[in-house]
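Each in structure tokens, the structures are laid out below.
What follows is chain A paired twice: with chain B in the first complex and chain C in the second.
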Partner chain A sequence: MNRRPPTVPKPARNARLTARGPGALSAVLGKQPIGTAFVTPYVVFLAAIFAYPLGFAVYMSFHDYFFTAPGATVDRPFVGFANYVTVLTDPAVQRSFVNVGIFLLINVPLTVVLSLGLANALNAAIRWRTFFRVSYYVPYVAASVAVVGVWLFLFNSNGLVNSVLGPLAPDPSWLVNSKLAMPTVALYVTWKQLGFFILLYLAALQNVSKDLYEAAAVDGAGRLNSFLNVTVPGVRPATTLVVLVATVTGANLFTEPYLLTGGGGPDGASASPVLIMYQRGIEQGKPDVGSAIGVLLVIGVLLLAVVERRFVGKEEQ
Partner chain B sequence: MKGALTTAALAVAITGVSAACGDGGSVGATTETRGEIAVWLSNNAEEVAWGKQMVAAWNAQHADQKITAQEIPTGKSSEEVIGAAITAGNAPCLIFNTSPASVSQFQKQGGLVPLDSFSDGTSYVEDRSGAIAKQYKSADGKYYQLPWKSNPVMIFYNKKEFAKAGIDTVKPPLTTYDEFLATSRKVVAANAAKVAIYPAPSNEFYQSWFDFYPLYAAESGGKQLVEDGKSTFASDEGKRVATFWRSMYAERLAGQERYTGDAFADGTAAMAIVGPWAIAVYKGRVDWGVVPVPTSSGKPANEIHTFSDAKNVAMYSACKNRGTAWDVMKFATSQAQDGKFLQTTGQMPLRKDVASVYADYFSKNPDYKVFADQAARTVEVPNVPNSITIWQTFRDAYSKSVIFGREDPGAALDGAVQKVDQLASQS
Partner chain C sequence: MRKLLPNQGRFIALLAGAFVFLFPFYYMLIGSLQTEPDPSVKGAFPSPGNLTGHNYLEIDAAINLGRSLLNSGIFTGGVILGTLLFGVLAGYALARLQFRGRSAVFGLMLLIQVIPFQLLTIPLYVMIVRSYGLADSYLGMIAPFAINSIAVFVFRQYFLQLPQELFDAARVDGATELNILWRIAVPLVRPALLTGVLLTFIGPWNEFLWPFLITKQQNLQPLAVSLSNYLTTVSARAANPFGALLAGACVLAVPAVTLFIIFQRRFISTSLDSGIKG
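Coming up: the complex of A and B.
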């Protein structure tokens, strides 16, 4: 069964094109011109929408740069690492990176645990399964502004949560408490995005062979053991994806501190790097400083992603 | 990994995208060039109504120099939209909603036309607005904005809630800080309202214009936050204002949490710091009275200064037909059009002696008279480089110390001085 098939060379689909010899066309488009043609639009898109702005942001971060009207003549001298020094010595920026670290520490593990647990439950033959699947997905597609309004009502000092907690309610309340503001934001984001990650896990669960569960059952594994020894390893590629996506979206946190905690309050306790980047780069007209924050954030996220992939995705590798 | 790279790249690159926009500019534009122009209006319904009649009146007389008007495109703020339009080279000739705090930034971008470049530019601005005009002069001594209209902020109070708390509703004791605090305590103790007053406690740079700054203007006799390139707010007057507000927050007489809605209209707060626009907004909803902002010593009303909350008209450098734009600017801010603006919006034209020039209007609309009197004593945000960064620096210090009590207010103001001075001295 494992015998190798005879190695008869297949005629290339674009044989007619290449048969005409290594002319000008193949010199420009390479050996696979049709493939190149298919790939080109995406490469152009990537270059224009991602690579160019990223490169431009790096350029700005090393210059004294600000936006000007067309035709305005201004000096934009090279300033070396001056913008990075400004950023790294700015207590608000330092605080924002600590804040987003706290956010990720809460948000990413919680997202993985809850979305995998709920996806596993929703994958089982339970009643109202479709209703629950839709219910978890609704917050993800709902407009942030509207959903933030609901959370403001829930978590303000006279809100539903504090009414239920009674004397156990924190003082100051959740969103104006410097210790609880960021965890509350992390909780909110976890809840809002859970539907998307549940979908990823649901798709992954379809690929876990039923034979493995049967084999585990034959070996005497209960539900918990099956989950830990079959499901969790079976969806590891999805877990790697969930961890990376949650990290990247979490590092780009903006809407929630902007709306939920009134501009990163209290006293900067929930300010994120992207919020500070917006303040410096857009509001205050310092795109060079904003870009330096952005470049540092990219580097930080890449390093984090490498570490996560090394640990979470090691068996996949 | 690619997802991480591309998504993070998008985040960092947002600021870069707008710089890649197309070319434009105002090649061949002179102060005498005439033709069609575009103007942007605020999206406030009353201002749009005024703008439409102004445009119709102009167009009826100038078939060859027609105006096309539209509301400022939607964005997180008007200032961001205008800044992007300057960069892209597609800003209109005139914007009737230019924030004085953003003028230095727009000027630095090369986005504004100095009105002094018109032969009668300086004289028109100063003749129309009087002594108050000098607050709108830029650091280079030129006018890049025409002071247009103000909303001098005062204290509105809810008469029903004051009555419930046993407070005089005709002349409530709100003149000194001690009186204001005592009245606030009474309101809250009587459960007339949850809090006495609810200035937005959030951290946006402009929020200090509606808590600290009006009281500072009053306490200091009309000082700006920065004068002659030096910060003034860490003075005794500034510290008294900060201490007063700290007491309000510490005693929970002012709300610390972001409020979704209008706390004054909802009855959650018994007082509000508002401009004359509030008269129309609260008509039929709240039985209100109005007093000037308090001072520590209880200055008489005719000595009280306050924040202007002004919006101005500016000419943008993408404008080709600048001669027409200047004529339209003068037409739209003429005595007749200012009168129509006052009548339509209730906001105060930034012209000298507004109370006497439109005496008829104020006799028919006495509610607005007190704001007209106050309009003569308004303080603008300082027109200095890095204006918004300065306000954000101030807000951060104020928020930390006054609203959340994590530092002594006086020490926090002292701490912000060096950075603000450094920012104000940059070109």
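Coming up: the complex of A and C.
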């Protein structure tokens, strides 16, 4: 049965390994083991800046964590879900999650419709293409802090937008109106990010087969028909990406409510979860509560992403 | 003939779009030059009697533009340097070297993109400010952005496109990997380096939340932070708050927008490559 000697002498195996030399070694370490050294700084960076803080955030959210002097050792008892209970029963936090929901309901569909529409128009042979592409991208590359200044000037109670609207101007004005503050912030962010999404769609449009358009034309499909039946399904993977990226960006909203509506005003109507996370976690010195908000936000975004992928990307499989 | 008319409609729609996208920037410039803020429709056109450069002096007096720009420059420069140095090494290894754990590192790199940075701000704040005492320091400002993953991805894509024979020949000649990278691969992917620098530039230059959290001393704040402080606190007391604010906004926006316009072709092709093929 057992033809081999009962014990395989270990030294022999090692000898064979050494005999094959670099071949065997490279089977374990790869042909260019120096690669490990090349990626080490980057891996250390990813571990220190992303992986460790991620675990640390979850840890803090389950403990009574507070700021101490560097090096001080203090007891930080495990408190279970206490921080989560604090967060979930906090009306300001509840409000902020509703707010970001309103934001996404406006921002995401508007982004998809406008960026696909503009990308489709840009994709035709048209004069001034480069000019258009550049002008749509400019808000995306400009700092939000800078652009917020102009929007404040434009949407002020006696700003240019209201002067143009005349008697149609809302009262109280856009950013100080509790019903309009969040939609105005959503509009601002849509405008600011649109150029990036237009470029994504422009790239996706290059992959839609020309034959399909010709076939549609042969079948007598008009412009609108071929847009709905060829273009829209053709760029579906890009739409999934646009929806997901817009959702994640929207969930991270901070600068705009902080500056545009003076810290999430009026009366918390435009406060975002990240803004509340900053106020609780850093301003009020409760990093444990802040972390709990962050963890809940990420869980919410992940759930939403799964739903969106199902809903938008359903024909991908 | 049939095609001409709908394209005319498209052209007008695109023109209207361009107006919506560009007007605020034009208005930013006009507003920064007005002696008295004029929010009426007439104010959208430059009127010779209402022009001044005084707003730029005012914002400079309030937040020290030179110092703020220097801080923005050091912050951005540090991130670019880190990305070029370590990002090129990582991108090259991921594209061209076979070593144990390569696919794990690449997987980790993609996975990390999903984590929203904002969730990490609280733990990073605790670590960098409280544990390491790096508040109000350039190092603390740069650390979380030190290597731009998208740039690493771009570098990798470019290195992948180089022909394998090049590397085989150099290895047969006994060149070390560092030599191959430095003398053969890097000179061939110079455009990628420029793209990486441009992509990396807008991140820290425009970043607000992180430097805002860790810099309390005004003389260390990048322009985005000092300008926002002006917006939230000082502007109420200024003679022409909007004028000064918009002057600062122009100074902050101009470098990024100018770089983008000069190198727009590069920006656009990168977004296509990394956005879709990624």
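Criterion: the second predicted complex is superposed on the first by the 269 of 317 C-alpha atoms of A that agree within 3 Å, B and C clash if a C-alpha of one lies under 4 Å from a C-alpha of the other, contacts with A are read in each partner's own complex, and residues count from 1 in each chain.
The definition used in the following text is that a residue touches a chain if its C-beta (ideal position, glycine included) is under 8 Å from a C-beta of that chain, and two chains touch if they have at least 3 such contacts.
Owing to the predicted nature of the structure, the values given are computational and were not obtained by experimental measurement.
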Would chain B and chain C fit next to each other on chain A once aligned, or clash? clash
Just checking: does A:T261 make contact with chain B only, chain C only, both, or neither of them? Give me first, second, both or neither. first
Going by the contact rule set out at the top, does A:A92 touch chain B (first), chain C (second), both, or neither? first
Does chain B (first) or chain C (second) touch A:Q284, or do both, or does neither? first
Per the contact definition in the header, classify A:V28: touching chain B only (first), chain C only (second), both, or neither. second
Of chain B and chain C, the chain that contacts the larger number of chain A residues: C
Between chain B (first) and chain C (second), which does A:V147 come into contact with in this model arrangement: first, second, both, or neither? second
Touch check for A:Y42: first (chain B), second (chain C), both, or neither? second
Can A:A204 be said to touch chain B (first), chain C (second), both, or neither? second
Pick one for A:T247: touches chain B only (first), chain C only (second), both, or neither. first
Tell me which partner A:L175 touches in the superposition: chain B (first), chain C (second), both or neither. first
Identify the overlap between the chain B-contacting and the chain C-contacting residues of chain A. 46, 49-54, 56-57, 60, 67-68, 70, 149, 152-153, 156, 158, 248, 251-252, 262-263, 274, 277, 281-282, 287, 290-291, 294-295, 297-298, 301
Give the list of chain A residues in touch with chain B in this complex. 46, 49-54, 56-57, 60, 66-72, 74, 92, 149, 152-153, 156-158, 172-173, 175-176, 178, 244-245, 247-249, 251-252, 261-268, 274, 277, 279, 281-287, 290-291, 293-295, 297-298, 301-302, 305-306, 309
What does chain A use to touch chain C in their complex? 28-36, 38-39, 41-43, 45-46, 49-54, 56-57, 60, 65, 67-68, 70, 118, 121-122, 124-128, 130-139, 141-154, 156, 158-160, 163-164, 191, 194-196, 199-200, 202-204, 206-207, 223, 238, 241, 248, 251-252, 254-255, 258-259, 262-263, 274, 277-278, 281-282, 287, 290-291, 294-295, 297-298, 301
Chain A-facing residues of chain C, complex: 6-7, 10-11, 13-14, 17-18, 20-22, 24-25, 27-28, 31, 37, 39-41, 43-44, 86-87, 89-90, 92-94, 97-102, 105, 108-109, 112, 114-127, 130-133, 143-144, 146-147, 149, 152, 176-178, 202, 205-206, 208-209, 213, 224-225, 227-228, 231-232, 242, 245-246, 248-250, 252-253, 256-257, 259-261, 264, 267-268, 271-272, 275-276
Residue positions on chain B within touch of chain A in the complex are 1, 3-20, 22-27, 77, 79-80, 83, 86-89, 91, 105, 108-111, 194, 200-205, 256-258, 260, 317-318, 386, 388-389, 392, 396, 399-400, 403-404, 406
